[in-house]
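Scrolling down, you'll hit the structures one after another.
Okay, so chain A shows up in both of these, paired with chain B first and chain C after.
And now, the complex of A and B:
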């Protein structure tokens, strides 16, 4: 057990976060459990509003207060209980032990400070370098991400979107963090630049052995980058497993719906099957499983109780009553069906 | 950067000449005969003719204007019709007084309103923020001559803490500066507050927090510099207003500054002095707008890039 704990870099247990507004309470996270082993890349997928970014911000202890309230739960990062730290302590953890890359490179860099300065800032804070050393080091980091050192004195407006995202990555990696959270790092970029950025992240992972926590809604990126996948819906993880578990042995009806709504290059004329209905309103969650209003496999129990996590294999867990008594897979994922028809 | 400043200075010259032209024309064609006023009972057509010649106002309009501009270039603003004193000397005596008040007022407004704006932005819904809003409202609504008179009544006449008029000691600067800055404090602190609130919401502030930057540095290094742009442009504008407002304040506090000189010369129809004052004020405002632009470029590299040619473009 002890050994197992040491392998775990990040452990999120039963995390509940609500945003209490004047008129309503947004239940953003409702019991999130995520375990990340050292050196792995995990992908967190789900629709907009599923709670992905809130989870990431909670790991940084950056939930907006006083509206954001951590109702319950615990986050352990490298043996440190993140949520119990005071401001000073958490400031020395952010950017040092864990850092985060945000989704919009256009607005995430400070327009009035040059990029060298912005990269060096973290080094001065956490590695206790003086400003000169830090600027030299920042130049080296820029070289590593493929931007000439001479451009360290340039300002963000002088860079393209892809370059700015790379600068943000350099900034995230400056202090060699154990965990790098990437919140949709490629969403704002066009496809070729996206590929470059992903390639860069893979190289950096190989060189620094950084654990990456990747938030995305793009299954293509998950397939390319991740070892393990967590699928979120309405502030809870509804299915988790290895890449093969999720992609080839999909269990949860929601995950199935996500796959069914993806275009398939081999069957281009096929209609996409969307998940009917809308994402649940986090201010007014239904009783029972939050997915039942949209589910095709609904039973009475779904409307009453939230299913616990059921392990269908050692690595594969799913929160769905379908697997309460059986481990057989009743789902009819379209590509399976299609393959059978083709055969 | 210097190239830009020089360019801006050169561009200012036609603007100032245009201002002088407008004022010169208005005064030239204003009804009434200056010689009658000056000679009074001694007026005869001959005496008037001699006086006109002496003052140089017997020449055609454009010649007079060109001569006036020539004089200014050489630092000669002509002579006062009434005291026959050199206007350049009169300005040299009165301008420093106005500049003292201006500087203390501007410094006072900035030193008070920017910290207030920042604090109010950090706690936008606090009691402190509410009090400053209320205080600001009073500052804006109350006319400065009224506040000035109240201050004189209280601090000079009743408590005898500060001199009521003149500019002999530093303490005499206090009341004029307070009156002058009071009406602008509100606008400045409110502007700083709102741009600071906006700046603190930006994505790059989140990035800085994620880097572990300390709260103090987030506010002063990351947010403030971005938030200062509207404040700086407002300061430039306010200085312009203060130059105009100096007239009232100098009159109330009996300070022999440029504003009072202007009012007195207008009353006496002392055209050359009026022109000299207006010209100097126009130059001051023009210089301040250049200083504002330079401050912009210093604060924001994107603006600097527009001024300095040959900068690297997006790529």
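And now, the complex of A and C:
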């Protein structure tokens, strides 16, 4: 047991976060459980409003009060109970233990400071270096991410989108954190630049042995980067498992719907089968399973009770009543069906 | 010159913008033609000129030179009034469903605006029946007729955009990244609607996107753009099976495939897109190309047809 705990870098248990506004309450997270082992890359997948970013912000203890309220749950990062820490304590954890790369490289850099200063800032704050040392270190970090040291004195507007995202990665890695949260790090970038940034992240992971918590909506990136996948819908993890579990043994109707919605580049004549309806309104969640209004496999129980996580294998958990009494897989994923018919 | 089946032909189209540092070559000598009832996908990365091309064809941006021939008629220099008539036949669907609708008018009014312009309907009742008909054909619930844009999510707004374009009963629609702002489950809904509408109304699309898997699904032929130039053009199957330009190759291999089988080896291209301002007379991809030779730095390769409709602009090809 002890050993298992040591392997586990991050443990999120039953996390509930609501944002209480004047007129309504946004139920952003409704019972999230995520376990991240050291050295792994975890993919958190879901559509807009699924609660991916809220989960990431909670790990950084950056949920804005008073609207943001942690109703229930616990986050343990490297043995530290994150949510119980006060502001001073959490500041020593951020940067050193965990850091985050944000989605939009255009707006997450300070436009009036040169990038060297911005990278050095974290080093001064968390590693207690003096400014000169920190600037030298910042130059070295820039070299590591493929930007010449001489550009440390340049300002963010002098860099392209891909370069800015590299700078953000350098800032994230500056203090060599154990956990790096990457929130849609390549969404704003072109595919060829995305490929460069993903390659860089893979190399850095190999060199620094950082654990990466990757938020994305792109199953292509997950397939390429991650070891394990968590699929979120309406503030809860509805399916989790290894890459093989999720990609080849899809169990949840929502995950199936996502795969069926993706154009298949190898079989361009395969019809897309969209999920009908639209994503749930987090201020007005349906009773029972949040996905039932869009689901093709509903039964009476789905409308009444939220299914618990059912383990269909050691590594593969799914929240769906379909698997309550059986381990058979009733789903009809487009490509599975096509392969059976030898399409 | 143009046969009956060709709905649109573009010849040597150029659009240069004057900027402080010189001339920005947004669209540089682009030629192609589209057959009625087909979809031409235009792919490229940000700044390659794909949106400008779409807008220039509709003359929302005035071309610097070249010809646009729509339905056998050269429309490059027709006046505003004639263009207004022509726009009934050529429409545009915008990328951003959040900023392309007037926030102060309801959905039915937004569609009504377009219907009034057609002049085909005699009174409001007739138009309202048409509005409901249009809303039905793009999958919008009737009860949303009086809703305002802020009440709708991205997918529904994009449907309104499509309904407005359809209101004119066009023959030809330029879709400028219509699904890039949407979640995958919604994106699939919109793509299927666009496909269905094309079938029902025998529409012709130019589909502008940066997403190769989307363009593969929706297009019959694809033109790949790089820095204002079309560098490769072919039927969709041909392009994906047999990409010839090093840039197309790199684009295809950079695409993350949502499958854990048959993982390909990546071709990473170095560097980033160069400036489109006053480009040198050399191959525009030369600086990032692994196969770059002295010839590439001296001579800009023309777009050459390899015989089967597969065109490519690369000095390597054909040797």
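Convention: the second predicted complex is superposed on the first by the 342 of 343 C-alpha atoms of A that agree within 3 Å, B and C clash if a C-alpha of one lies under 4 Å from a C-alpha of the other, contacts with A are read in each partner's own complex, and residues count from 1 in each chain.
Quick note on the criterion: a residue touches a chain if its C-beta (ideal position, glycine included) is under 8 Å from a C-beta of that chain, and two chains touch if they have at least 3 such contacts.
Treat the numbers as computed from the prediction; the structure is a model and nothing was measured.
Trainee: With everything superposed onto chain A, say whether chain B and chain C fit together or clash.
Mentor: fit
Trainee: Touching A:191 in the superposition: chain B (first), chain C (second), both, neither?
Mentor: Only chain C is touched by A:191; chain B is not.
Trainee: Should A:223 be classified as contacting the first partner (chain B), the second (chain C), both, or neither?
Mentor: A:223 contacts chain C only, not chain B.
Trainee: Chain B or chain C: which reaches more residues on chain A?
Mentor: More residues of chain A are touched by C.
Trainee: Per the contact definition in the header, classify A:244: touching chain B only (first), chain C only (second), both, or neither.
Mentor: Second partner only, chain C.
Trainee: Determine, under the contact definition given at the top, whether A:160 touches first (chain B), second (chain C), both, or neither.
Mentor: Both partners, chain B and chain C.
Trainee: With the two complexes superposed on chain A, say which partner A:317 touches: chain B (first), chain C (second), both, or neither.
Mentor: neither
Trainee: Regarding the shared-chain residue A:265, is it in contact with chain B (first), chain C (second), both, or neither?
Mentor: A:265: touches chain C, not chain B.
Trainee: If you've got the overlay open, could you tell me the nearest Cα approach between chain B and chain C in whole angstrom?
Mentor: So the smallest C-alpha gap separating chain B from chain C comes to 8 Å.
Trainee: List the residues of chain A that touch chain B in one complex and chain C in the other.
Mentor: 160
Trainee: Within their complex, state which residues of chain C touch chain A.
Mentor: By the definition above, chain C touches chain A via 45-46, 153-156, 183-189, 191-192, 210, 212-214, 216-217, 236-237, 240, 250-251, 253-260, 263, 266, 268-270, 272-273.
Trainee: Taking the complex as given, what residues does chain A use to touch chain C?
Mentor: Residues of chain A touching chain C: 47-48, 160, 162-163, 190-196, 198-199, 217-224, 243-244, 247-248, 257-265, 268, 271-276, 278-279.
Trainee: In their shared complex, at which residues does chain B touch chain A?
Mentor: 202-204, 206-215, 221-222, 225-226, 299-302, 305, 311-315
Trainee: Enumerate the contact residues on chain A facing chain B in the complex.
Mentor: Going by the criterion above, the answer is residues 60, 62, 87, 91-96, 99-100, 102, 104, 107-114, 121-122, 125-126, 154-155, 157-160, 168, 171.
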